[in-house]
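Two complexes come next, and they have one chain in common, subunit A, joined by subunit B in the first and subunit C in the second.
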Partner chain A sequence: MSDRARDPPPERTDFEELEDADDLFPEPAATEESGPASLTAEDISTNSNGPKQDSQFDEDPEDLFAEATEEVSLDSPERDVLLSDGPSPAITPITPPTSVITPCLGHDDMFTHSSFDEIEEEEGGDLFDMHIAVSDPEKVGDGMNAYMAYKVTTKTPMSMFKRGEFSVKRRFSDFLGLHSKLASKYLHIGYIVPPAPEKSIVGMTKVKVGKEDQSSNEFVEKRRSALERYLMRTVKHPVLRKDPDVMQFLESSDLPRAVNTQALSSAGLLRMVNKAADAVNKMTIKMNESDAWFEEKQQHFENLDVQLRKLHASVESLVCHRKELSVNTAQFAKSAAMLGNSEDHTALSRALSQLAEVEEKIDQLHQDQANADFYLFSELLGDYVRLITAVKGVFDHRMKTWQKWQDSQMLLQKKREAEAKLQFTNKPDKLQQAKDEIKEEIEELDAKVQQGERDFEQISKTIRKEVSRFEKERVKDFKTIIIKYLESLVQTQQQMIKYWEAFLPEARAIS
Partner chain B sequence: MSSTLDENSKEKMRSVSVDLNNDASLLIDIPDALCERDKVKFTVHTKTTLSSFQKPEFSVPRQHEDFIWLHDTLVETEDYAGLIIPPAPPKPDFESPREKMHKLGEGEATMTKEEYTKMKQELEAEYLAVFKKTVQVHEIFLQRLSSHPILSKDRNFQIFLEYDQDLSVRRKNAKEMFGGFFKNMVKSADEVLISGVKEVDDFFEQEKTFLLDYFSKIKDSTAKAEKMTRAHKNIADDYIHLSATLNTISAEDTTANKKHLEKLSDLFEKLRKVEGRVASDQELKLTELLRYYMRDIQAAKDLLYRRARALADYENSNKALDKARLKSKDIAQAEEHQQHCLQKFDKLSESGKRELTGFKGRRVVAFRKNLIEMAELEIKHAKNNVALLQGCIDLLKRVGYTFQTLHKTKCLVRRMSSCLQSPLSFDHLCLTENSDSYVFGPSKRLQLPPRSLSGLSVHSSQSEALSVRGSYVGHGANTSGQLEVPRLHSRPRILQRSEGEGDQWKKEATLAE
Partner chain C sequence: MMEEVQDVTSALSVHGHNIKVTDVLKDGDTLTFVIVSQKVSGTGEYHVDRTYDDVEWLQQHLFSQEDVPGLHGVIFPPVPAKPQVNVTAKGMKQLGFLGLGEWQPYCKALETFLRQVASHDLLKKNKAVEIFLTSSDPPGRQRVKKNIFNWLSQAMDEMRKEGHKDVDEFFQAQRDQNLVMTGCTKNATERFLEVVLTEQKIAVACGHFSAALHLCVEAGEDPVKQAFSRICVKLSEVLESMKKNMMSVAENNVNTLGLGLDLESRYQEAEKEMLFRRTCKLVELETARRSAEKAKPVKKAAMEEVKKAAESEFDHISRVAKQEIAQFESERVQMLQQALVGWCEQQLLTAKESADQFDRYLQAFRGMA
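Coming up: the complex of A and B.
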């Protein structure tokens, strides 16, 4: 590659930073010794990167193979002991999980020796092999009670499912129901639950009414694609994936209808009230942030939110303009065709007709490109804007947890003071009873305070893990989709070249 | 703002009409123009070998109105009734960029400084493009006159070129003489008269039908082409915003995404330049072409109209002659008048035929040239785009790769050194860089212990693999091995084993593809 040389310079600095990074290929010593290494790996599997183990993309120097690594100093005394052992399978370099950028080369070159390999293999290969597709939107029913049913197909080699491939029919409210269940279970303990696609009353009404036109088709396609992305994101999450609700959603043919998701139901109103209350609370809670990491991350997400929204708006404008270009090109094509017809010089007339044809093809190209702009780029950004809202929500929950803890602590304090006061009262008969009462209350509150503290620490820990996972996912996601998008742009341009090159001899033929 | 246009750019622009300015006896160009508020002042420069001019080379300042005056006088001149008078250049129109500049000023607060600067640059470029176009159009007008055998000898034309004082005095006289309203009346009677008069000549009948139809079509095409160009420009503007926002995000990003975003932002910046050029090339080759010939066809229609009027005059004079004969009064006068009309009509028909045929030829040639050039430019720009995009894709794919692989190589090397019973830690190796390889060599801190890894080098080879070669001095024997890290794989594999005593690599599995 001629521009190979270009690469070294920018990577240089990264090198120097890496010198002390974790060893990718942990001392086989670890595995040889015992289980501990395998256990650690197992334990970390919940933390692993998502789909198609793309450690290739993982540029975090610290965590290169966090799940597979144990830092063992090369100069450690144990090493000598081990190395003096006979042929150690450990010499074989351990394979990192399969790369996915070149799926065609996907055969697994596994060094099969060490058990450690197997652990890695499990993480790399098996860990994320689930694939969910949402397809075949079908209109069920008629009139205002009609709805779209989507086929959800799951392909997975994972053992926790009964079969390797199965599909069920679901409707939009089922998805919302799933999300609300997951949110109620996991948001408050700090897991970032991917948000479900938004409701759209206008869009659905058109579909229900039965308008079989371009815009309602587009709406259904947009929704189908959004639902698919939603499910994929949900199952990519190592904890959510194992949730029984998720499994039920994917597997069981009968799902209880989720009525609480209707916008105008009582549950819906309740949700709105709660949201408002939350917003007010958020403004009043003043948290003593002891951990700079959280403050920094919150700021980071705030900024990211603003920028992503801006970017999203720009991309939407791009989609709009490209659609406009497509329409204008089509109009021009028609006009050029008419001009060609009215032209009396035969060769020029033919050339003009050819020009009209080329422009017509190009208009189709623009249309397709606009779709790619939208479905790849714009939707990605939209998804992430919503995801970041979820992330911010998780941070808010942490604040609430802290608040709860502080509140119980304050209450405990008050009770203790009351207890102390009781010591000095002069009502001996009531005293014992009151004292006992207060003691009980204090014990209760103490337990509460301790629980509150534990909760707070737990949620902080979870959030840290979640955020780091989220960031990794984000990097990967963006990269994959951006590459796809750029490839779509390349395709368009290459087609354009073909069309114009076909036109050129026609133009030359004018005499 | 003043601008000097070099020969090269003028050459490129002067594509709507070919074969101009080739006659050395009268060479005209507009080398300079000044823009003050709404008025543009052109410097008309003439080089001539003709004796009818006072000097062989001279320049005069002219305004747009002067050009219009010249055009109008030519149109009104009876003698030129049988010629297609080159269409007058349209008034310089800076409305569109000015409006955009205004909007930009209002929206300044919502953009980053870079974005604002870039948008401003774009607008300034647009402004400049309008400016260049108007100069070109005025220049072509003069050049068509100079290359016309009859029109180039026109007295007013000469005055226009030579008269070194302000023409506005003359202009006022001309206006009074001809009266603007007369022209307008003529124009509105245009279609009616042409369709009303019975045509005697097949050639003209055909031409009439053709031109009427063609005119309406080409007018429509011009409008649509303009819309297309504008949409392209909008897309280029969107790319600016994209690029700027990506830049901001990447600046604040601390993850691996940072590099990706920087590259992406850079890419969009480049793409928008290409897109902008696509838009302007399309404008020049297609839209301008159509616009120019739309006006030219109008001029041809005017010729037809004049001829039709002459025909009507002739027919009227015939009727008058008949009447005179009947009344036996003023016969001679009527006859003379009729003869005069016939002559005029014949002259018009003859020169009209010549002009129209020439016009068709000119048109076909110009279309051919422009369509070819446009197709070539589109191909060029699309290829450019592909190169930019592909380059970025490769970089994105590789940014992860190289980083990752070299890091892995390092770790592998570290492990190798440990396997090879070297007490060296990776710290003892340092990295230097050749043009296409990295060499890990012993660092200065090194004191060579009996068993040591004396150096590893990383080379890239044709097979797009990184190979790590190392020699290992251990157990008193020299061994070397080769570790290849394939480009697209993330797993390094040991390909070659080494010889030598006490060498652990022997046990390694060699993996073939």
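Coming up: the complex of A and C.
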């Protein structure tokens, strides 16, 4: 049946949890209509906080957010407005997807072309000016209920924010909650939503239990850095940064607790994507790729994934050995100190003690370099491996969108055939009623088919833009990181030079 | 085939201070060293091929020289451990720094040994040295005689003597200090070796990273792809540069401080062995004295002779030992200073070169469109 082909396997999956927005927001579940109309309900449920480009036909986009309050649930009165004729400018955050406002076909062009283009034009490359810092990790509470609170500081002259600089306190599940909302709103229409950092049961348990040792400090720092990178990537995206959830996350002092964050980390996202991919592969109808660009890009990302994983493995090895070097250098420093202490010859003893000190300083350099190796390269590569998972996800969503469209088309075809058969029925009294029913169904299906085609074109268009932006960002990102890394290399060597220059006279003074 | 060497000493016909081990050749399992020494009279050199068996032969003859009173008081220049071509993990541990770098450090260590032997007043007159350095035939591929200084097969009761209290404050202090120093130096040498081995691992990891980057280079006219490919190529060069830097750092470590610590460590062991020999002689002497005292008149005269001989030997040994220790102390300080200065200078040079190199890459990346 086409239903089964369209959706992932019926058991409770992460994918379903995301699609069924009931679980994300604490409001009671909405009723889903049965039959063909269920499609529409699904669309609404996932698009309840619809993508912003659809509302951009308003002159001043910024005004939209002045009225943004909380997220909308399926049950709220706004939903009824969705189902009626067209968006009201007052209901800003929840303007519907094009699927519901089909009657206003004249707006199509605006939604699909000018709205997004408007954003692109006004953004440009230079207009992005935001800096987000995640700092001051603070343990809140005790025992297994404890958590880390991080300070999120945003500095920006951009006018869409009320103030130029502001801070809020957030915990890890808040970040996951933000990501889940963005993923549910944007992934399936082709936007590459940056994945949230990984959950780590082991790392977090140590922190909760109160182990104040180096490994738990490292864990907190690693997480802090990852959260910062995550937010920066998210706000760099011209559409995402205008999302009310993002803005609320950054600005609002009170944030409703995100529940059910189990599935929403990037590991969960990966599982979801893989399941979706599997579902796509199991589809009886294989997509006819009419656009070579997509085929080429998919292959490109497959290759890139493999290459980046290899690079990541190389860097991990480098980081590991660098840390080893630091440990060994420290041990050598100690042994040199002992040697200096035991040495009878005064000047030699002094030189050996200096040697021990130099080695200790060099050990610190090794540690700094290991950190650079890790936080710059290793994390960058890890981020991109995870980002590519999101990219693959949008490609898969495109396939699903295509599949939906094809399924509608097949259904329409069947209905038309059924209609044709009706002509030859022998029950004239029921005939007219049946004919009317079928005509209605055919009309609905026809609209659905057209919507399906539009959705497919829209997602294809969005993906093209997203991929182009992603690729440009990738080059910029790598270049920035490499420059930082080279700066660290140069600095290390210059420090070494200072240490050796200081030691040389000591060595010469031995006799 | 060489015959037993007459234990007749004569002046060495080559200079000791500039002996060179110029080459090492691998032939299956055997390593052959090419040793070059300069003639004392006139110009000219001797080039000889020697294997480790020949070195052991030399050692035997040095140990068993009979006409030197107090020979046991000599701190014998320490010979490097036997090199294995297919070296086992245990062998590597034994060789330490000398097992690295394609035998170059080993050649240096061997060279040092030969120079020390050929410059030692008491040892250089041994004919074996002359033969070893100048004879075109390899002196001894014969089975070696039982080594009287084969400490590995020392009986347990001999080891007991190590702690035997000394009659001389100077020597007691020397033994105590030596005990501490051998431990500390061995420890420091092993730790430093770990540092060098890890540096080598890092160099290899940089190489892998560099190679992996090359795999990311993509053909095509897409400007973004080209930009990323350029970045990968350049970064790959940076990683190669990092690799070379690490290898230089490791090499500097081995060739200067590594060899220095290794030699110091082996020399401390050599002093330890000398001091032990003297201690054993002391025990022998004290035993002889007691025997002479307790001896019945019949044996008394003989015992007295034994006692006198022991006394005389012990005096000789102590005298030689004192000289050797003084020499040893001044040489080792000089040697370590050279090692430390050389180490610092080389690392400083490498750091300056690397700083320049990395800076150039940094500028190139900054300038990249």
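The rule is simple: the second predicted complex is superposed on the first by the 359 of 511 C-alpha atoms of A that agree within 3 Å, B and C clash if a C-alpha of one lies under 4 Å from a C-alpha of the other, contacts with A are read in each partner's own complex, and residues count from 1 in each chain.
Keep this in mind: a residue touches a chain if its C-beta (ideal position, glycine included) is under 8 Å from a C-beta of that chain, and two chains touch if they have at least 3 such contacts.
Since this is a predicted model, take the numbers as computed values, not measurements.
By the touch criterion stated above, A:454 is placed in contact with neither subunit B nor subunit C. Counted by residues of subunit A touched, the larger count belongs to B, out of subunit B and subunit C.
In the superposition on chain A, A:414 contacts neither subunit B nor subunit C. In the superposition on chain A, A:510 makes contact with both subunit B and subunit C.
Within subunit A, the residues touched by subunit B in the first complex and by subunit C in the second are 303-304, 307, 310-311, 314-315, 317-318, 321-322, 324-325, 328-329, 331-332, 335-336, 338-339, 342-345, 347-348, 351, 355, 471-472, 474-475, 478-479, 482-483, 486-487, 489-490, 493-494, 496-497, 500-501, 503-504, 507-508, 510-511. Taken together, the subunit A residues at the contact with subunit C in this complex read 303-304, 307, 310-311, 314-315, 317-318, 321-322, 324-325, 328-329, 331-332, 334-336, 338-339, 342-345, 347-348, 351, 355, 468, 471-472, 474-475, 478-479, 482-483, 486-487, 489-490, 493-494, 496-497, 500-501, 503-504, 507-508, 510-511. Considering their complex, residues 1, 3-5, 7-12, 14-16, 18-19, 21-25, 27, 55-61, 64, 73-75, 79, 83, 87, 91-93, 95-96, 99, 101-102, 105, 109, 111, 300, 303-304, 307-308, 310-311, 314-315, 317-318, 321-322, 324-325, 328-329, 331-332, 335-336, 338-339, 342-345, 347-348, 351-352, 355, 471-472, 474-475, 478-479, 482-483, 486-487, 489-490, 493-494, 496-497, 500-501, 503-504, 507-508, 510-511 of subunit A touch subunit B. Interface residues of subunit C, counted against subunit A in their complex, comprise 177, 180-181, 184-185, 187-188, 191-192, 194-195, 198-199, 201-202, 205-206, 208-209, 212-213, 215-216, 218, 224-225, 227-228, 231, 234-235, 238, 242, 329, 333-334, 336-337, 340-341, 343-345, 347-348, 351-352, 354-355, 358-359, 361-362, 365-366, 368.
Within the complex formed with subunit A, the residues of subunit B that make contact are 206, 210, 213-214, 217-218, 220-221, 224-225, 227-228, 230-232, 234-235, 238-239, 241-242, 245-246, 248-249, 252, 254-257, 259-260, 264, 267, 360, 363-364, 367-368, 371-372, 375-376, 378-379, 382-383, 385-386, 389-394, 396-404, 406-408, 410-412, 414-415, 417-419, 421, 423-427, 431, 433, 435-436, 438, 460, 464, 488-494, 504-505, 507-509, 511.
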